[in-house]
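Dropping the structures in below, format is C-alpha cells.
Look for subunit A in each of the two complexes below; its partner is subunit B in the first and subunit C in the second.
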Partner chain A sequence: MTAILQALASGLALGAIYGLIALGFNITYATTKTFNFGQGAFLVPGSLVGVSLLLLAAGKPHFGNLTQAEMTMTAYVLATLASVVVVGAIGIALYYCAIKPFVGAGGLNWVLSTIGFGIIMQNTALAIWGPASIAVPSPLGSEVWRIAGAGIRPQEVLIAVVAVAVMALLDIVLRKTRFGKALRAVAFNPQAAAIVGINVESIVIAAFVISSALAGLAGILIAPITTASVFIGLGVALKAFSAAIVGGLTSPRGCMLGGFLLGVVEALVGLWRAEMREITIFLLIIIVLVVRPGGLMGARSVEKI
Partner chain B sequence: MTMLAIEGLKVRYGAVEALKGISLQVGQGEVVTLIGGNGAGKSTLMRAIGGLVKVAGGTIRFENRDITDIRGHDCVRLGIGHSPEGRLVFGDQSVRDNLVLGAYARRDEDGIASDIERYFGIFPRLAERQDQLAGTLSGGEQQMLAIARALMARPKLLLLDEPSLGLAPLIVREVFAVIRRLREEGMTILLVEQMANQALAVADRAYVIETGTITLAGTGAELLRDERVRSAYLGA
Partner chain C sequence: MDNRITRRTFSALLVSTGMVLSLPAFAQNEIKIGYNADQSASGAAELGLSGLYGFQAAIEDLNAQGGVLGRKLVGVVRDDAGAPPKSIQNMNELIDNEKVAAVVGPTNSGNALAWLHIPQQKKVPVISHVATATDITARYAKEPQNYIFRVSMVDREQLALLAAYAVKASKSKNIAIIADTTGYGQAATKDLQEILTLHGIKPVGIEKFGPKDTDMTSQLAKLKAAGADMIITGSLADATAQVLKSMEKMDYYPGLLSTWGSINTPLVNIAGPKLAEKTIFAASTTEDASDRAAALHKRLVAKHPNMPAFVSAAQGYDAVMLIAAAIKQADGTDGPKLQAALENLGKVQGIIKAYDKPFSKEQHEALGVADFHLAQWKDGRVVKLDDPVVKGLTAADLKR
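Coming up: the complex of A and B.
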C-alpha cells in the first residue's frame, strides 16, 4: 500500500512534467497546426542554463556540481526564471528558423526542421557543457517526507504543485484574457482573427515562446530528480507527445489529463514489473486512439477534410 | 467626399488573374453594392481592400491614404470593418466574446461595454444567446453576429461580403432590414451580393463585376431597370 502511494506520488510528479510539455504542443498546434518535434532538446538548456548560472554565482565552473547549501529556494526560483526566459527566447529563434519557412505550405518539412533545430541545440549544449551530468540538489532538500507511511521526495511535491499552478494559470489566461481570446481566435481561423485586428504572426510567436518556456520549466523542475544533462529530454518529450495525443492535441485540459494519466500508469506498472512499463503504456495509447481517435478530450475529428 | 478610391486593381492567384484592373469609388455615407456571379471576383476585391490578399497592381486609397499593401490586421485600425464571406465567427467562443474580439483594436473598455449593449439591443437574438458558443448559432444568427462583430470596431467603412449567402428568404429580409438601418444611421457600406434584387434596392450606386472586370455602373435604380442586369441577375 505504501509502495503504491509512493509510486502514485512519483507518477503524479512525472505526469505533471509530461502535462507541461504536452500543453506546449497544444498551444502551437492550435495556432499553426505544427509543433516542435525537437521539444525534448528544449529541456536541456532549461535544466543547464539555470544550474550553470547558480554555479557561476557560487564562483565555480559552469559544469561543476552544486552543493545543497548553494541551492536555496531563492536561488532555485531565480534559476527557474532564467531558464524560462532563455528557453522562451530560443522559442522565437525556433519560429523563425524552423516554422515560419514551412508553416501553411503543406507537407511535413516542419517535422524535420524542428527535429533538426533540436539536434543542433542539443549538440551546441554538448559543446558547452560536455556529456557529464550535473547533480542538482532540490531546494527542499534530499530528506524524504513521510506521508501516510510512504516516502515521498520533496522535489516531487514541488514539481506537482508548480506544474498544476502553471497549468491552472494558463487555463485562465486562455479562457479569460484578451491575449487568450486572441490566441483562440487565431487557432479557430487566422483570417477572421486578422479581420478584427489581431496580428496573427505575433500571436503565433507568443505561442512558440510559451511552448518553449514550458519545456524549459519542465527541464529545471525535473533536474533535481534526473540530474541536469544534455541527454535528459528525449524520453520525456516522447512521453509528453504521447500524453498530448492520448489526451487530445486540440484540448489544453486533455493534454494535462493525458500527462497525469501516463505518469501514474507508468509509475504503477513499474512497481509491478519495470519491463512492462513501456509495453503497457504504448498498448494503452493504441487502445485509446482506436476507441477515441481524437484523444480523450480532443475534437472528434482531428483533421477536417 | 470619396472615402474609398480603387484604381486599376489587379489580384492574381498563381497564373489566374482574379481581378483585371478594377476601378471604383465609395463616397462617405454611401451604400455601394457590387453584384456579379460566382467567381466574378467580388470576394477577392473585398479581401484585397481588407489586406487579406496580395495586390498585384493598381492602388487602393482610403480617406486619401494609400492602403494598397496594408496588412490585414492594420485595416480595422484605420476604420475598415469587415463582415467576411462565410461569416467566420469564432465558433468555439461565446457570442459575447466574439463581440469583445470585434473591438480588439480598441482600448476603451467602457465604450466597448456600452457598444456590446447597443448591439444586443439591435440584435436581440444575440442578447438571448450571449453565453452560447457562436458555433451553435443558426446561419442567420451567425450573420448578425458577423455584422455586429465588424461594427464593434466602430468602422467608418463597412465591408459586407455576401451577407445573405445560404440564408432562408425570411432571414435574408432581416439582414437587409439591418443594412437599411445602418444606412439610415449614415454608415458607409460596400456590399457584395448575389441577391441582386435586394442589393440594388438598398444601394445608392452599384457596379456589376464579371470575370474580374467592372462591366456596368450606375445608381441602384438605374441598374434595376437595366435590361442586361435584369436578364443576367434578376431572372427577368
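Coming up: the complex of A and C.
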C-alpha cells in the first residue's frame, strides 16, 4: 500500500514537471498552430543562467556547485525572474529565425527550423558551461515530507503548485481577457484578425515569448531535482510533448492532465516492470489518439502533424 | 625603432627553436613520459585530473633523486576532453612527435579501446591508471608482446569485493542489483549475477533505471518487497546519488554498495554530505590507508587545494614509479626492452603498496581484488571502511 502511495506521489511530482513544460507547447499552438520542437533545449539556459547568477552572487565563478547556505528563497526568486526574462527574450530570436520565415506557408519547415534552433542553443550553452552537471540545492531545503509513509520533497510540491497556478492563469488569460481573445482570433483566422485591427505579428511574438519564458521557468524549477546541465532538456521535453498530445495541445488543462497522467503511469508501471515504462506510455498515447484525436481535453478535429 | 635583439628575446628564441627542432642534446638527456587523459569534460574527469597531480608528483620525486639513469624525467601532458578522436590524436602526437618512452592514461575506457592499437603497433608501453574496462589489458594478451598494462581497478575485481561484502553483511542473504541501462551498468549487472552465482546466491531482484532518471522509488519498492537488505549498484556517481535520494524518500536504507565512481564529488554534491555517507564503495587506496598515502595526500592538497579523488593520484604516482623502475632495469627507453622489463620487475615501492613482480607475461594488472579497500564518505572526505564485516573477509570470500 505504501509502495502504491509512494508511486502516486513520485508520479505526480514527475507529472507536474511534464505538465509545466507541456504548457509551453500549448500557448504557441493555440496561436499559430506551430510550436517549438526544440523546447527541451530552452530548459538549458533556463536552469544554467539562473544557477550561474546565483553562483556569481555568492562570489564564485559562473560554473561550480552551490551550497545550501548560498541558496536563499529571495535569491532563488530573483534568479528565476532573470531566467524567465532571458529565455523569454530568446523566444523573440526564435520567432524571427525559425518561425517567421515559415509560418502560414504550410509544410513542415518550421519543425526542422525549431529543432535546429534548439541544437544551436544547446551547443552554445555547451561552449559556455561545459558538459558537467551542477548540483543545485532546493531553496526549501533537502528534507523529505512524509504523507502516510510516502515521501515527497518540498521542491516537488513547489513545482506542482507553480505548474497548476500557471495553468490556471493561462486558462483565464486565454478565455477571459482581450489579449486571450486576440490570441484565439489570430489562431482562428490571421487575415480576419488583422482586418479587425489586431496586430497579428506582435500577438504571435508574445506567444513565443510566453512559451520560451515558461521553459525558462521550468528549467530553473527542476534544477534542484535533475541538476543543471546542458543535457537536462531532451528526455523530459519528449515526455512533456507526449503529455501535451495526450491531454490536448489546445487546452492548458489538458496539458496539465496529460502531464500528471504520464507521470503516474510511469511510476505505477515501474512498480511492475521498470523496462515496460516507455512501452506502456507510448502505447497509451497511440490508444488515446485513436479514440480521441484531439487529446483527452482538446478540441475535436484539430489538424495533427 | 629599436631592432636590437635583447638578451631576453634571444634566449626566448633559443628556447623556442629548441622546442621545434628538439635539439639532440636535450633529447639524449631527458626521458619523456606522456600523460593522455580527460581532465576536464566527462563525469570521470576528476579522476584524470587527480591522476595528473600524482603523475607530476612522482616525476618530481624521481628528479629530486637525480632522475633515472642520470637523466631528467619530463612529463608531456595532453587533455583528451573525453573524446576518442582527440585521444587518438594525442596518442599519435605523443609517440611520433614527442617520442615519449611510455604513456600513462587514459581516464575513459572507451578512449583506451579507441587507440590501444597505436602504442601496441609502435611498441610503446602504456599504463592505464584510471580506465577500468576488463578488455583494455586483455585485447593483446595473446600477442608475443602486450604493451598495455594497468594500475587501476578492474571492474570485475571491484564487483567481486562488493559481492563478498554483501554476502557477509547480509543477514537474510537477500541481495539485489540495481543498475542504469548504459553499457557500464548492464555489464556490471551481468558480472554481478555471475559472481553471486559463485557464492551460490540468486539475487532477489534485478532492477534497471534510465541514466537520467531522478526517481527510482518504484524499482526500490520492488526490492524492498522482495526483502533485500543489501543492494549492489553499477552506475556512475550522479545516478548512485539519485538512488540514495529515492531511498531517503522511502525511508528505506538497506546496505548500498557501489563501484569506485562514488569517489567522485557529484555523489556528495547531488545527494548531500549526510546521505552520501550511506553508500560503501570500492577503492584501491584512501588518503588514510597508510603513512605514505597520507604524506602524498598532504603534499598534493597543499599544492592543489581542490584536488578531488585521491585514489587516482596514487594510481598515477605508482604508474610512473613502475615505468621508472622498468627504464632502469632495461637500461634505456627502447620499447620492446622496456616492455620486457615491466614484465620482469622486482620490488618497487609505491603509494598503494610495495609491488613485488607486479606484472608478468600473463598478468598485466598490478592491482587485484586483494589490494582493494572498501571506503565511504565521512564529513566530506573519503575514508577507509573498517567494520567487523570487512575484518571478517578472507581470500576465500573473494570469488570472481
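Criterion: the second predicted complex is superposed on the first by the 303 of 305 C-alpha atoms of A that agree within 3 Å, B and C clash if a C-alpha of one lies under 4 Å from a C-alpha of the other, contacts with A are read in each partner's own complex, and residues count from 1 in each chain.
As a working rule, a residue touches a chain if its C-beta (ideal position, glycine included) is under 8 Å from a C-beta of that chain, and two chains touch if they have at least 3 such contacts.
As the structure is a prediction and not an experimental result, all values here were calculated from the model.
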item: Overlay on subunit A: subunit C relative to subunit B, clash or fit; value: fit
item: Contacts of A:M256 with subunit B and subunit C, given as first, second, both or neither; value: neither
item: Subunit B versus subunit C as contact partner of A:I198, first or second or both or neither; value: first
item: Contacts of A:L221 with subunit B and subunit C, given as first, second, both or neither; value: neither
item: Which superposed partner A:I21 touches (first subunit B, second subunit C, both, neither); value: neither
item: Inter-chain angle, subunit B to subunit C through the CA centre of subunit A, in degrees rounded to a multiple of 10; value: 150
item: Contacts of A:R178 with subunit B and subunit C, given as first, second, both or neither; value: first
item: Contacts of A:F188 with subunit B and subunit C, given as first, second, both or neither; value: first
item: Most subunit A residues touched (candidates subunit B, subunit C); value: C
item: Shortest CA-CA distance between subunit B and subunit C [superposed frame, angstrom]; value: 41
item: Overlapping contact positions on subunit A, where the subunit C interface meets the subunit B interface; value: none
item: Interface residues, subunit B side, partner subunit A - complex; value: 50-52, 71-77, 82, 84, 88-93, 97, 100-102, 104-105, 149-150, 153
item: Touching residues on subunit C, where the partner in the complex is subunit A; value: 40-43, 45, 82, 207-210, 212, 214-215, 217-219, 221-222, 224-225, 238, 248-251, 265-266, 269-270, 272
item: Residues of subunit A that touch subunit B when the two form their complex; value: 178, 181-182, 184-185, 188-189, 191-200
item: In the complex with subunit C, residue positions of subunit A that touch it; value: 2-3, 6-7, 10, 13-14, 65, 68, 130-133, 135, 137, 142, 144, 146, 149-153, 225-227, 231-232, 235, 267-271, 274-275
